[in-house]
Amino acid sequence: MGETITFWVLAVVSVSAALGLVFSRKAVYSALMLGVVMLSLAVLYAVQDAPFLAAVQIIVYTGAVMMLFLFVLMLVGVDSADSLVETIKGQRFWATIAGLGFAALLALGAGNMVFAPAKGVGAVQEAGGNVPALAQLIFTRHVFAFEITSALLITAALGAMVLAHRERVRPKATQRDLARARFTGPQPSPLPGPGTYALHNAIDMPALLPDGSVSPQSINRVLARHEQEDGVRPTDPVKAALVKQVIDKDVAIEEDVAATEAAHQEDAK
Amino acid sequence: MTTHYLVLSALLFAIGGAGVLVRRNAIVVFMCVELMLNACNLAFVTFARQHGNLDGQLIAFFVMVVAAAEVVIGLAIIVMIFRTRRSASVDDANLLKY
Amino acid sequence: MPWLSILMAVPVLGAVGVSLTKSDKLAKQLALAVSLVVLALTGVMAAQFNPSSATRFQFAEVYDWIPRFGVHYGVGVDGIALVLIALSAVLVPIVILASWHDADGTGAAAPPKRSVKTYFALLLVLEAMMIGVFAATDVFLFYVFFEAMLIPMYFMIGSYGGAQRSYAAVKFLLYSLFGGLLMLVAVIALYVIADKGTFMFPELVGVIQDPNTQKWLFLGFFIAFAVKAPLWPFHTWLPDAAAQAPAGAAVLLVGVLDKVGTYGMLRFCLELFPDAAKFFTPLVIVLSVVGIVYGAIVAIGQTDIKRLIAYTSISHFGFIALGVFAMTAHGGAGATLYMVNHGFSTGALFLIAGFLIYRRGSSQIADYGGVQKVAPLLAGTFLIAGLSGLSLPGLSSFVSEFMVLLGTYERYAVPAIIATSGVILAAIYILWMYQRTMTGPTAESVKGFTDLNIRERWVVAPLIAVIIALGFFPKPVLDVINPAVDQTLSNVHVDQFTPAVADKKGAGQ
Amino acid sequence: MQSPVEIVQHSGGVIGVSWLMIALPLLGAAILLLGGRRTDRWGHFLGVAMSLAAFVVAVVSFVEILGLPESERRRGIELYQFIPGIADMGLLIDPLSISFALLITGVGSLIHIYSVGYMSHDPDRRRFFAYLNLFVAAMLLLVLADNYVALFVGWEGVGLASYLLIGFWQFKPTAAAAAKKAFIVNRVGDFGLLIAIFTVWTTFGSVAFGDLSGATVSEAIGSGGASQGTITAIGLLLLLGACGKSAQLPLQSWLLDAMEGPTPVSALIHAATMVTAGVYLVVRSGAFFEAAPTAQLVVTIVGVATLLAGAIIGCAKDDIKKGLAGSTMSQIGYMMLGAGLGPVGYAFAIAHLITHGFFKANMFLGAGSVMHAMNDEVDMRRYGGLFSVMKVTAVTFIIGYLAIIGFPLLSGYFTKDGIIETAMEHNQILGWLAVVGAGITGFYMSRMIFMTFFGKKRWADDAHPHESPSVMTVPLVILSIGSIFLGAFLILDNRFMKFLAPAVGAPEELPAFHFVSTAGLATLALVAVGAAFAWFRYGAAEVPRVAPRGSFLTTFARRDLYGDALNETLFMRPGQWLARIAVFVDNRGIDGLVNGLAATIGGTSGRLRRVQTGYVRSYALSILFGAAVVVGALLYVGNM
């Protein structure tokens, strides 16, 4: 009975989370939804006499893999939301058909099967429980596959390093180079630090120049956009104008990029 | 009960599959793939219990390991592509065609 | 002594040697030396051949190759195969000598310089393949050689040919592959249906009895050979390939490679599927006769020397196929002899046309005129080769054409009569070409021509000598061919020809 | 009726080495062709020597034959196996072949000698002699062969030699075209000959003359092994071959063009020897013709038609060589007529052939001599009055002329009248037509004489005619002597008929020669009328230097009875169109089909290629569909 309740609750939760994963516009939400699904599954594993897997699921998936996902999301840019316009003709329609059909087929297949009452893994676990029993299998019958997975993991680690490694294409800048770049550049003086003349030292507070005006370079664009989306406007009209200017510039660039993108896709067709 | 688990697994798998098809953000696509793998794992675990041996659990374990490796490499590739193309959309990487 | 294996091994080793040489000149000399060694070996082997022996395939060697499927490395020759191997062995040194500058990038058309070593190595590899395909007594081995021959030829056309070489090479390859794949299917089906667990030809003769099965398998083999030969209407690859290939390669292509088609008809189509062969004989005879007349008429209309020669060959292949499917002793022997003679006479035509084109850089007939005045030897030898092509008595082709027509007439009078009209058309296409290129006032562009040099004379002389010798005294070759053809026909179970008068007498008694 | 005797295998003696007749000139040709420029200085002497040597062998063989009893005068000589099982290379020395051999080597040698002078200025004289030797060898093989296949080798060999010699001056497009035309038209005849050989082989199982006697043929008809139709077909096909070689209707068109060759060639090949090969073939195949009256009738009809056609053409030609060529056609028509008349006719035909060989060669060489003197001018309208400047040529020419028109007691008188009378006995219509032909001969030959040797000088300004050197005139004299006496020698006392009898058979009752007969008198009268008319037109009257337009009949004759036009419209033009259409069909039709198929496949795959969009999601979609199908199939199978 307990299992049934757990199942139904978690089934509803995991399916809705999976749907959320697919349908949420923002990648971060998707990631979180995936976390929910994984956690639900971990519980379902536990319910099904697989405590070890449940633990591994939480540790490896929810802990490590999800972290990686989030990390990369942050790296790639958390602020970009997917465009909802489908560019491949018929893709969405056929994807729906295929998805539904596939689900229906599998579900039908599974539903039509008549199972004897589950045997449960208790019998094979004997004394010592799930983990030693698994360990015994892993290190006896499947030891070769296990060793292979270790090799796989090492290879993957190496591969990730190689892939993510950025080759230095020009010599490392010396102090002399930096100095020259600075004095030949438009601004020899250091950039104003946030809050140099500020009343706050928070990151959302732009720096003031010695004359008291706001330095446009110090406006945090991400925060500014969030604030704007939330409807928060700086009270100072000068600062508001500056913020708007920065945001507009950003939007213009984004639109520009989107337009080029669309043009490319148009070309592709 | 087994049937229920299997149907749930099937649903999750199909949702994951549909997600792969409709989402363009590579990272989200990846997540959907992970979802499909997890759905499979659920089926494995269910069958392990049904048949009363641990092989299903074992294979689920291996799937996790492989998935972990895959995520590492996959994400590294995504990062690399993003670096060069400033985009994480799978549709942008369409040069290998015709 | 494993003669046939040695004959194949020597050119292959030679090809390796040639490709390792340092200088182009050395490569040419080595290739020539190797081909001469092969010729000498062939001569020694032929001298030991016993035409009247009871064993059909002599110098036989059989080793397991893929025991699981009963595939053997099985080689051996009867009279038919022997003369064709001899043909290849004679032609290759001549072709090598003739192709001396084909890859150099010299010549009036100023073709680009290409790898000389590769060209000569390919020639030698091709020689090994040609010997192998005629020597194979294992059907599967035959198939392997049949297809493998395409590779060196493909590169020789595709890399060393004329302006449209890649089109021609691809067309050649696709056509041949199309036929070859049909044959592969038939070979496998033959193995499965015969259920003998072997691909050895002598053990497969007469095994397939069911007429319907025979028909399908026959078609599989026949189409492959008809494309290869080429028979009308599978012929359109030949003019392109022959016109684009360098002259030497064209000689081997038309002179030897295509003979595999007619050889295969005689050896495999007839003997393995005698009933089907008889069933399809009317069809094949119609195709042959159409090919003879059609090839000749199209040849008359050509404006390009090499294409013209290629079309004459299509006409001649019609004769050969006609002789094969007449299924009379004279027809079969004539067809086999024709294969040899055609190799020499068309070879001579192509090579001399090649010399001509090398001097002027154009294969258009209209670009020549009056060559006889400035290069009488060139013109004279060209005329002799051409006359052999129109089967003038006293030159080798006549004997074979006569035998083919006679053999056909013994059984199928009307097709033979239509085919005989080919002799008129042959006179038109050869002599008209000769008239337009060699006679008349000397064209401006031809004035600077030099006559044949020493090397070219050495190329032409043996060919002309063989053509004339076989024209007056074909007996040595026919003595080798006849027993083999009789053996073949006895496996086909056809009635011997008897003259009408003797027939009546026999009936009267 | 006396039948030909059996062939006896021969060994020893000169007959045993009679193959030298063929081998020596062949060797000469080979040496001259292979030797190249090195042999330029003495090449012509070698050619003459070889021809003379062959003549000597022929004469000695002839004497040996005469020394044998009549029933053993057909000697067979085995040389070697040519095509095993079908034909051997063997020679048959019998009265028929030896007569030809004598004519060929004899007249041939004279012409060789003549050519030494005639071709002395030609840089390619050596090559000319090589070809002449080649011709002699081939022609001897033709007449000496003991079977049809070997005969065919010689038959084509003379065709080749004729081709080479007509086109000897290859740089002249007309010569090259004429050579090609001669060869191709001959090939049409060869087509018939080949099929005749095939039919003989399939019917009798042999192609050797010795196995194909009249007895064999009638026995075959009797036993049903060969139907009458088959024999007639053989006869007609042989006749087709003969028509090609002997320029008989309808394959006559090449002979006039063949006059492009050097004049000795016209004399040797296109008058004396090669063109008579058709007559030889018909006579040699007498066994078939005698068993097939229809074929015989066709032979006579062809003969008569050609003799008239040739005569008419001869009337209108201003080119002296073409006039002679028309006359050759006409005379061979007579021979063909004779050859269609059975054993009596054979003897007269061959006798006429031999005498014609002499007087026609004589006239051709005489014409050559005239041309030599007139800077190679051939138009008779530019001659006239040459009698006074070249007496030897003129006299010998006039002897030839008298012989051909059948002036009493000269050669032509005996042999031609023999044919006409035999024809008259057979068929009145044919006989009278032959008489008419003789009348026309009287006209056109007289015209030639008057225009060339008499009347006013109409020479070109730079012409300085002179008598030819003796190396050219001596052969003329010898030939003219033959033209005078040979006919009487052969015909009187039926000498030739008796000689030939072992080879071709003879009637029981030999015909006596009537010096006075209706046909003979009528012939003489008509010839006289023709000659008088010619005198009236060309001797007494002024000959214009430019040919007048002439009546319809003149144009008709000038255009060779529209033979070329007919060939052109019926065969050449349609043939060219056919070739063009065939090339088009080949390129667009067959090749187009293949290339079209390839293009269709290419196009389809080009379109299919578009499925590879590069979008990984599309691929994923298809993978999912595939997976769905697999799952569905599994479920379906599982439920079964």
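Per-chain numbering from 1; labels A, B, C and D assigned in written order.
Methods note: a contact is a pair of C-beta atoms (placed from the backbone, for glycine too) under 8 Å apart; a residue touches a chain by one contact, two chains touch by 3 or more.
Since the structure is predicted, the reported quantities are computational estimates derived from the model, not experimental observations.
At the centre of the protein atoms shown, by the Cα-centroid criterion, sits C.
Note: centroid distance chain A to chain D, computed from Cα atoms, is 102 Å. For the pair chain B and chain C, the distance between C-alpha centroids works out to 62 Å. The centroid of the Cα atoms in chain B and the matching centroid in chain D are 94 Å apart.
A straight line joining the Cα centres of chain A and chain C is 71 Å long.
Among the residues of chain D, those in touch with two or more other chains are 613-615, 617, 621, 624.
Under the contact definition stated at the top, not a single residue of chain C touches 2 or more other chains.
In chain B, the positions touching at least two other chains are 17, 21-22, 24, 91, 94.
A complete list of chain pairs in contact reads A-B, A-D, B-D, C-D. By the touch criterion given at the top, residues 33, 36, 80-86, 89, 127, 149, 152-153, 155-157, 160, 163, 167, 170-173, 175-177, 179-180, 183-184, 187-188, 190-191, 194-195, 197-199, 201-206, 216, 220, 223-226, 230, 575-576, 578-580, 582-583, 586, 590-591, 594, 598 of chain D touch chain C in their complex.
Interface residues of chain D facing chain A in the complex, by the touch rule stated above, are 613-615, 617-618, 621, 624-625, 627-628, 631-632, 634-635.
Residues of chain C touching chain D in their complex: 174, 233, 235-236, 294, 297-298, 300-302, 329-330, 370, 372-373, 376-377, 380, 387, 392-394, 398-399, 402-403, 405-406, 409-410, 413, 416-417, 420-421, 423-424, 427-428, 431-432, 434-435, 438-442, 472-475, 478-479, 482, 497-505, 508.
Residues 609-610, 612-617, 620-621, 624 of chain D are the ones touching chain B in the complex. Contacts from chain A toward chain D in the complex involve residues 88, 91, 94-95, 98-99, 101-102, 105-106, 108-109, 268.
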